[in-house]
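Note that subunit A is present in both complexes that follow, paired respectively with subunit B and with subunit C.
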Partner chain A sequence: MTNSRWTQSLLQYGGLLAVLVLLIFIFSVSSENFFQTSTLVTIANQVPDLTFLAVGMTLVLIVGGIDLSVGSLLALSSAVLGVLMAHRGWSIWPSLGVAMLVSGVGGMINGSLSVGFRIPSFIVTLGMLEMARGATKVVTDSQSVYIGSRVEWFGQPLPGILLSPAFLTAVLAVIIGQFVLTRTVFGRYCVAIGTNAEAVRMSGIRSAPYSIAVFGISGLMCGLAGLAQTSRLSTADPNGAIGMELAAIAACVIGGTSLMGGRGSVISSFIGVLIIQVLRTGLAQIGVSDANKQIITGLVIVVAVMLDAVRSHWGKSK
Partner chain B sequence: MKNILSLCLIALLIGCGSKPTSSPSADSDTASSKPRVALIMKSLANEFFSTMAKGAQQHQSEHADDYELVVNGIKDERDLSRQVALVEEMVASGVDAIVIAPADSKALVPALRRAKQAGIVVVNIDNQLDQDVLEMEEVSIPFVGPDNLAGAKKVGDYLAESLTGSSPQVAVLEGIRTSFNAQQRRKGFEAAMEEAGIPIIDSQSAEWEMSKANTIASSMLSEHPDIAAILCANDSMALGAIAAVKSAGRSGDVQIVGFDNITAIQNAIGEGKVLATADQHGDQLAVFGIEAALKEIHGEGAGNDIETPVDLVTAESLSKK
Partner chain C sequence: MMSAPLLQTRGLTKRYGGVTVLRDVSFEVRSGEIHALLGANGAGKSTLCKIISGLVRPTSGSMRLVGDDYDPPTKQHAETAGVEIVQQELNLIGTLSVAENLFLTRLPQRAGMLHSRLLEEQSREVLDRFGLNDVRAHTLVETLGVGRQQMVEIATALARQCRLLILDEPTAALSGRESEQLFGHLRRLRDSGVGILYISHRLDEVSALTDRITILRDGKFVATHATESMTTDLMVERMSGESLGSDASTHTSHAREEVALSVRSLDCGMVREVSLDVRSGERLGITGLVGSGRTELLRAIFGAEVATSGEVALRGESRGRRFRSPSEAVAAGIAMVTEDRKQNGLLLSQPISTNTTLSSLRKRFSRWGLIDRRGEQNVSQQWVDDLETRCESIDQAVGTLSGGNQQKVAVAKWLVRDADVFLFDEPTRGIDVAARKRIYRLLESLARSGKASVIVSSDLEELFETCDAIAVMCNGRLAATFPRDQWSQEKIMQACFSGYVK
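Showing the complex of A and B:
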């Protein structure tokens, strides 16, 4: 039994982990300064914001949607957090509460409009991408808001364990996300909706509340990601996280989540995030030119997805 | 269950990584006695910064025995999260000095403070860090670079002399407003215009970018048809403004000035499409910073600010070359 579980998880995550290990190996060989605690800790403490977004994005992709607004909602929640903390003198937790409320409501609006009016979520969230970015600039008056050590600690390594509270929270979000997806009625319905919405409807389940909730969760994740990014910068940046939605989608797709809905795993998306970050850090340490960096990053995304496709095909035919 | 297993796998992976660390890092310290300098730039897609980076690489190849150089940039000028990440990655890889052109004058300060605490020499080039935040973070980082305000004023003064029409009005295309350089150059332009008694009727940020500048300059020209000149806080925006002036059918009629002296702008100055720009010797800016960093590594120099030259570039000065 245990044995088959091992093989099962190896089958499910093996290909991805192989890509990750291969990348770490390549960078360790090509840079003497890569394979050491400080570098690996740095990588771990840089992934929280993208991890939160990827958790939300995985769920959205599974119900057959897409959320292009996550970068802007991240910036908006970061702006709210920054303005409340720096200009109003609020402490971190109530500020985070308001920030998550704002981004969560943003996500709910995405879900409600796309479900209620049957507009593709691509369009609705594209609109939200612009609106939330504009709102961010209004909130911050287009100025970066410096907060300082009151928020910095959340993104800095804890003494002793070397990992930041942000990283630990992000890992917790991954675990909860995977649990919700695979072990709860809510999660199974999400997969069902993404696989065959018509069948779900025929069996008398109203899918609308689930789809809306999934976009709401994605919004809440943007709030947490906003805190993670703000703490790493000690600053709320109104221009922050531009284009980050694409990185989040890339992480999910590398992790084997289907853009057609119905298939995906939060843990695989997390490995996707790690692959992206290892690549970024490794290429920066070697000092590869910017043009080559982009080419290599693009290649790795495509190759990782290809390996995953080959693996799942092999897994099925066997 | 399998999920927990796979999490363990990841943990194992990260865990494995942390074990054999002390030996390779110790080796690398003794193996290469040459100091390693990390140059962290803004967008290398911007010619100004790629010129700066090339100048640094040229300098390194001529002084290959003195130091090693790692150059990194970010995708676009606003990606400051990535730039902070680069600082952290360079600290992690154990470089001896970081020479940085910060994408934001405030947000980079805490990361650079942490770098200094890790014993790394930090030198600030191009865009000066915010003094208030430096004080709040209780850190001092030397700035090696040009006086942007004075440079912009030179350009503005030269423009003012050439605006001979009756009661001319001008517009300004600013850089990203959060950046210190953008603020300094705007102040320099404003000072020059105020002295000459020329009103600035519109001033907007085009975020250093050509296509944005093109859009904004076009709308400025249709909103205020009397504009006699557009002052651009960098040359990329000036190039965007040239196209806007051309499509408004006012080529030769509206003067444009820029800042940075990139290659494309020299051609435009030669053709008379742009009146003047300022040369802050971009190819040498990073080199000045690296030299200051190397001095500090060798225990020379107290980490003071160093001012580098800014020269006015016009058709006249170009033809002399």
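Showing the complex of A and C:
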């Protein structure tokens, strides 16, 4: 039993882990500075914000939706956090509570509108992308808000283990996300809705609450991501996280999550996040220009999806 | 010697897997005649037409068109040879204009650009020839009514020169005036020498319009008659054939006294004022022609479609209601095994276990929102064993199972959930004999344990074998109900066609 579960996990994540290891190997060979504790620590402490977004995005994609607003909601929650902490002098936890409330409500609005009015979530969240960005500028008066050490500690390595609270929280979110997806009724219904919503309806299940909740969760994740990013930059930047929704989607897709819904894994998305970050850091270290970095990252996304398509085709014809 | 017939088929046979839907059919259509093709559901009319028009290839047999060998591999080949088909469902593109639809495959061009004026002129000519003077060529198809769309569809086929025209239920969506218009046109076509193969359930139309009638039954050719020698009663008799023995000796009714499901004058879409009672332990069959509203009735009872008036009451309820969603119906104790398991019955890419527990997960297999995986596995395995579902393991994706085994999973989903009333829509469509027998035994055991079942099927033999009574739907209404000791195939067929004969 244990054995077969191990084999299964290896089959499921093996390919992705191989890609990750291969990338690390390539960079270690081509740059002597890469395979060092400091580099790996840097990578680990850069991924939390994207990881939070990818956790929420995985669930959204699994129910057959898409959430383009996560970058803006991240910026909005970061702005709320910054304003409350720096201008109002609030402490970090109540500020985070309000920030998550704001982004969570944003997510719920996404879900409610797309489910209630049967508008594709692509459109609704595209609207939210603009609105949340605008709200961010209103909240901050379009100025960066410097917070400093009161928030920095969250993103800085803890002595002894070299990992930041942000990273540990993100990993916890991945674990909880995967657990919810595979072990709870909620997760099961999400997969079912993404697979065949009409069959779910005809099985006597009301899918609306699940679809809406998934967007709400994605919103909450934006709040946590906002904290992670703010702590890393010491600052709430109203122009931060632009285009980050695409990075989150890319991470999920690299991890094998289907844009058609019904298939995906939070752990795989996390590995997707690591692949993206290793690529960014590694390419920067070996001196690849920003332009070329973008080209290569794009290539990796396309190749990953191609490999996945070939694999699933092969699996079917077998 | 007479000239060769327009179309001649020799021993056409079509098999899908182990199922033979058309068996050794030989008949002919002449130039300048309207030739009706009659038969009950599943008699093979549509398959035959699809073979003639190149949509389906026969398993064996041959055809000749005006004396030449004719074996169209595609619809385009058939069209080149002069054979056009108008199918029941509309094949128009709603967002294009009438003119563009009429000439979709050969739009007039000038230097790579659409030659609008020529298109308009050509379309005008076709529309006028067809008597559609009121339809403007540049109107978008989607803005037309269904009847007009159907006329445009037929005009599309007629815009091309053809020798043989096949029409599958062309008048289903037409008003009386539109039908008359169509008939006038068909007669003119006939007089110009075109052969027309005409499928319709409306026997009075067939009497009035056609010259000869060919009758199919169970995929086999029965006879070709001159229309004037046939009455509508005779047509029905020929379609139903020899009476099936209703094997009363082996059937035991488990029907009890109390009514489990009571439907009162339910209206929903085409379903009109349907009332019926099903008692606990009773198995009520519902049959009718395709399009008579059987599936729509089940969906209305189940809340999948919201009924516009009428009500549904379950056992012990004094006041009826209308379910607004399947979840309400399920909560009240109704289960529905849908007709199209791939579309709305199963999660094909998910394992057997997930499908088996889908509708009962929250109720039976969870605690604090966590899935009881052991319970789920045990129950899934138990039903796989019990229904003899052939699979490698319960972790296998349902989509990889054969049709019969998929159906067993679709049924198991509701057995696990449990209900007082089971609605089955075509429970054995496309499944093998062994699986079918297993489902019949299941229906029996459900009845024995006091469950009420409503079984919709086109297969009369199936209903004869399993049901206590059979209700017949016709044109959205319940035409008649026959208890076991009063039914016969002929009576049921009469009732099926009753709404279509004046």
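Methods note: the second predicted complex is superposed on the first by the 308 of 318 C-alpha atoms of A that agree within 3 Å, B and C clash if a C-alpha of one lies under 4 Å from a C-alpha of the other, contacts with A are read in each partner's own complex, and residues count from 1 in each chain.
Everything below uses one rule, namely that a contact is a pair of C-beta atoms (placed from the backbone, for glycine too) under 8 Å apart; a residue touches a chain by one contact, two chains touch by 3 or more.
Here the structure is a predicted model, which means the values were calculated and not measured.
Undergrad: Kindly say whether there is room for both subunit B and subunit C on subunit A in the superposition, answering fit or clash.
TA: Superposition result for subunit B and subunit C: fit.
Undergrad: Touch check for A:I175: first (subunit B), second (subunit C), both, or neither?
TA: First partner only, subunit B.
Undergrad: Check the residue A:V185 against both partner chains and state whether it touches subunit B (first), subunit C (second), both, or neither.
TA: Second partner only.
Undergrad: Classify the contacts of A:L17 with the two partner chains as first (subunit B alone), second (subunit C alone), both, or neither.
TA: Touch status of A:L17: first partner only.
Undergrad: Where does A:G262 make contact in the superposed view: on subunit B (first), on subunit C (second), on both, or on neither?
TA: second
Undergrad: Which partner chains sit in contact with A:Q36 here, subunit B, subunit C, both or neither? Use first/second/both/neither.
TA: first
Undergrad: Using the touch definition from the top, say if A:R206 reaches subunit B (first), subunit C (second), both or neither.
TA: The answer is second: A:R206 touches subunit C but not subunit B.
Undergrad: Roughly what angle, nearest 10 degrees, sits at the C-alpha centre of subunit A between those of subunit B and subunit C?
TA: So the angle at the centre of subunit A is 130 degrees.
Undergrad: May I ask you to decide whether A:N196 touches subunit B, subunit C, both, or neither, giving the answer as first, second, both or neither?
TA: second
Undergrad: Once the two structures sit on chain A together, report how near the CA atoms of subunit B get to those of subunit C, whole Å.
TA: Least C-alpha distance: 13 Å.
Undergrad: Kindly list the residues of subunit A that each of subunit B and subunit C touches, one partner per complex.
TA: Looking at subunit A, the two contact sets are disjoint.
Undergrad: What residues on subunit B touch subunit A, complex-wise?
TA: Touch residues, subunit B against subunit A: 1-3, 5-7, 9-10, 13-14, 17-18, 20-21, 24-25, 27-28, 31, 44-45, 69-73, 75-76, 78-82, 84-86, 88-94, 104, 106-107, 109-111, 114, 130, 133, 136-137, 176-178, 205.
Undergrad: Quick check on the complex: what are the subunit A residues that touch subunit C?
TA: Listed in rising order, the residues are 183-186, 188-189, 191-192, 195-196, 198-206, 262-263.
Undergrad: Considering only the defined contacts, which subunit C positions touch subunit A in the complex?
TA: It is residues 302, 304, 325-327, 329-331, 336, 338, 343-350, 354, 358-359, 361-362, 366, 369-371, 373, 413, 417 of subunit C that touch subunit A.
Undergrad: List the residues on subunit A that touch subunit B in their complex, please.
TA: Its residues touching subunit B are 5-6, 8-9, 12-13, 17, 20-21, 24, 31-42, 44-46, 49, 142-144, 146, 148-149, 152, 156, 162, 175, 178-179, 182, 229, 232-235, 237-243, 267, 270-271, 274, 280-281, 284-285, 287, 289-290, 294.
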